[in-house]
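The letters A, B, C and D name the chains in turn, as written, and every chain counts its residues from 1.
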Amino acid sequence: METMQTSDIMRIVAVMGDVIIENEIPFCELDSAAGDGDFGMSVAKGFRVLKAEWNDLDTSNIGKFLRSCGMIITEHCGGASGPIWGSAFMSAAKYAAGKTELTVQEFAELMQSAVDGIQRRGGAKLGDKTLLDALIPTTESLKQSAVADSSFKKALKNGALAAVEGAEKTKGYVASKGRASYVGDRSISFPDAGAMALGIIFTEIAEKF
Amino acid sequence: METMQTSDIMRIVAVMGDVIIENEIPFCELDSAAGDGDFGMSVAKGFRVLKAEWNDLDTSNIGKFLRSCGMIITEHCGGASGPIWGSAFMSAAKYAAGKTELTVQEFAELMQSAVDGIQRRGGAKLGDKTLLDALIPTTESLKQSAVADSSFKKALKNGALAAVEGAEKTKGYVASKGRASYVGDRSISFPDAGAMALGIIFTEIAEKF
Amino acid sequence: MKKIMNKAEDLVIEMCEGMEKAYPQSLVFNHKYKIMRRKNLNKDKVSLISGGGSGHEPSHAGFVGTGMLDAAVCGDVFASPSTIQVYNAIHETRSSMGTLLIVKNYSGDCMNFDAAAEMAEDDDDAIQVERVYVNDDVAVKDSLYTVGRRGVAGTVFVHKIAGAAAEKGLDLLKVKAVAEKVIANVRSMGFALTSCTVPAKGTPTFTLAENEMEFGVGIHGEPGVVREEIADADQLAAKLLERILGDIPFAAGDEVAVMVNGFGASPLQELFVLSNSAAKILAEKDIAVYRTFVGNYMTAIDMVGASITLLKLDDELKSFLDAPANTAALNA
Amino acid sequence: MKKIMNKAEDLVIEMCEGMEKAYPQSLVFNHKYKIMRRKNLNKDKVSLISGGGSGHEPSHAGFVGTGMLDAAVCGDVFASPSTIQVYNAIHETRSSMGTLLIVKNYSGDCMNFDAAAEMAEDDDDAIQVERVYVNDDVAVKDSLYTVGRRGVAGTVFVHKIAGAAAEKGLDLLKVKAVAEKVIANVRSMGFALTSCTVPAKGTPTFTLAENEMEFGVGIHGEPGVVREEIADADQLAAKLLERILGDIPFAAGDEVAVMVNGFGASPLQELFVLSNSAAKILAEKDIAVYRTFVGNYMTAIDMVGASITLLKLDDELKSFLDAPANTAALNA
């Protein structure tokens, strides 16, 4: 059965970091419409530190690697993004504790752990106009790919499509979590910054894989 | 010999007040170039109170009348104008104590008292770019009119011409007193607001007399 | 953007260093975690920590000192400090009586302060940590389905009163109860005549026409209730107080503390005019003003505008409000 | 013009009323003569009176209280109060020890305070009145042929230190001598990034391009030394301190009090950045900073900008600087 190794997970996180750093300003602009315009800055700050400390990370297994990423992200991502992205990584790390490879099924379960971590931390659910509106569809799509025995290549591609689609849908939602929620109805017609960002990140990961 | 009565002096002060109130904004503009732009407001404020209390003033003689004007001006004119105009009136009042009429000679001496009052208060001299650069020439001209035995009509007319001429000259001076002095050389080419105002006021008085 | 600064990315650090140097007797600044704390900590009282994004100066570091906070954790401009920063603040100020975190109700702040509290409680040498969430901004509807009202200038009353309770030696749960009593009785609302400019961005967050104001604005420049024509001071006070008094049951005869808070670029002369307008209205409504605070307490960097806060008082709150305090921004 | 106000002509009165209502325990406002005075006057100490045009809030009424001023006489915005106003303030605060007038060196202020002092001394029940003239602004050349330097933020140090001397019971001439020692040792210089707007006029007094500043500006928006390109905080501190340190003989090892004073619309975060920059330079020059004051003390309504003030200290000045004070804007 096809599996990802620790090095594959490292590559995925590296691509994620590059996309975030490259898109710092566009991600801020996405957050300007209804939020406070700092989302790109907040996530890029943490991922820049991650990149700088890349060679010192514990890569002895997937769990350790994700945990050391999670520590840096929790410390250095600003605003809401620190705890959201940090708890995603920490929770995924717990799932992958001691593991050095993952099947598609396990990868889907790891993503579910990330979703659970974010929900424990922030209390948002599908439709609250947060990045979960992209991340949950991606996770569901990965689970279906596992059932259908898809390749990683295909699973990641479908997962990215689900994220993009989910992010698009947020345009129709009224925000009820995060800073955009203060704007109430005024948030309609603007997509959620975090969800849009995940669509872009996952698309790039799928292409590079 | 031709004399002014208390009522003539009252008429002169009334015209002075009307000119000041009418010219509040232009007088402010004159002060804007190198000063702080409040001269019109400052003098008008006091003369408006004077007008409002006109019927309650002590008019038993010229000294008493000028003194009650001086009190109001001292209290209600703002900034530097309060003490300058106030001390002019108070000092002139002292000269005219008990008098109910004035010859041209005495009128010139009364004006000299006003000049003295201003100089005692503010320490400025001819050429310091203040209203004295109009008022001193006017006073000198009045003295000459007295020697030449001129009529009041003619004396006032020549006095006004001297004020206008003196005010014009202030364009060439560097201010050394008042707020315009902070600007140093930058004050050159703008006339002094107070001097220009006296030119306008005395011209109107001469015409109405 | 015209600002007195060097590089935007150094602003928070340089500001905190400037503050530490201005108050060397009373403040210590931890550079790594951007924590401003009291120099002389009292290990035998409940520790009080607040903080949040920077840009609200003098909040929160200006309220560190005797009778108020033990530490303020400084995030970047308008961004919550991280969990790790807060966690380190909890450790740096640990006392034998536990720690209370005073959090302004924004999702980022809540998540980071919550996660930090959990981390500290999970440690081997666990620290007892309690939290309160200030949510005084009546511009935002409070509802089960949203994150609720924002925390704004009323937070300063929580610092003052909970700080006095802690200084008096009350235990953690009692200090928390006092803080929650303040939160239950404090309401604020503000307006902006111009936007603020976040230094890293360099341009205003929003734009208003010459005759417009944003009524109900947030302290990060978040939109409020409505964008409308500028009103005069009497009307502004009436509109703000109408919202505030409509939100919390005030009865004639009630006593309140009033805070007229500038957002950073409104001059004190205007804040006193607004406070005069507010005082007239409160007198008409027979609401007694016990104390008035006028000044810049919870700013939005350089926004032109202000807010009014009312805190309903009882004898306990009054005595804590009047208790001594010795901080950079508030002395009593 | 976007201001929180009602009618421009009522602004000074409403502001003073707002202030009186905010500090009912300590302040009394005389409407007729616009005098803000201490509620509880001490008739057995030298009375201290200052004042001037309004628009410099919290100066001067914010410094009325124990350990500082007995009264502040409030003129219209940027216009000296009248002789009669000052005369009435002298009478309202008369004490058995005489009165010291602290005058900022502007011709209007000097003439009105001088005339008022003469009036009070000419009275049948003559009051002994002395005057000092604060002239700390090194942007203006001091010369026999001009009215000399302007009085700016350094005035607050005169209030504080002469206030402490009076409170301690020193006699009139001794209090005057202390005030003059402060004046001899205090120097200031400021800059503006934008103009102020006088409420009655409604438009800015001057206009600066987006990259320009007015270096050496006065607190009424008077022009200064030069209009030039905006500098960063480190450069600004260096340029201001160069002028200040060039004007008064400072020696390595000297101790100073520093005031970083905002002109009204510059946020506290930037003032702390500037004060940090200044502290670095003073440390390099081996000038010891005894105390630092950062905030809005002597404003120019809503001008964006700031000034730095240095006061050279000796033991006497230090002890008066540290003495207790209890006023709206300064507590020690």
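Note that contacts are C-beta pairs under 8 Å (C-beta built on N, C-alpha and C of every residue); 3 or more make two chains touch, one makes a residue touch a chain.
Not measured: the values here are computed from a predicted model.
Number of steps on the shortest path from chain B to chain C, with steps defined by chain touch: 2. Within the contact network of the assembly, the step distance from chain A to chain D comes to 2. Across the assembly, the mean Cα position most removed from that of chain A is the one of B. Chain geometry summary: the mean Cα position of chain B and that of chain D are 32 Å apart. If you average the Cα atoms of chain A and of chain B, the two centres end up 80 Å apart. Rounded to whole angstrom units, the spacing between the C-alpha centres of chain C and chain D is 29. Multi-chain contact residues of chain A (touching two or more other chains) are absent. Of all residues in chain D, none touches 2 or more other chains. If you sketch which chains touch which, the chains link end to end in a single open path, with no loop closing it.
Chain pairs that touch one another are A-C, B-D, C-D. Against chain D, the residues of chain B that register as touching in their complex are 36-38, 41-42, 71, 74-84, 86-87, 121-122, 176-179, 181-184, 186. By the touch rule above, chain C contacts chain A in their complex via residues 53, 75-76, 78-80, 82-85, 106-108, 111-112, 114-115, 140-141, 145-147, 150, 198, 200-201, 205, 218, 220-223.
For chain D in complex with chain C, the residues that touch the partner chain are 2-6, 11, 14-19, 21-23, 54-55, 57-58, 62, 193-194, 210, 213, 230, 232-234, 236, 264-277, 279, 289, 292-294, 296, 299, 301-302, 304-306, 331.
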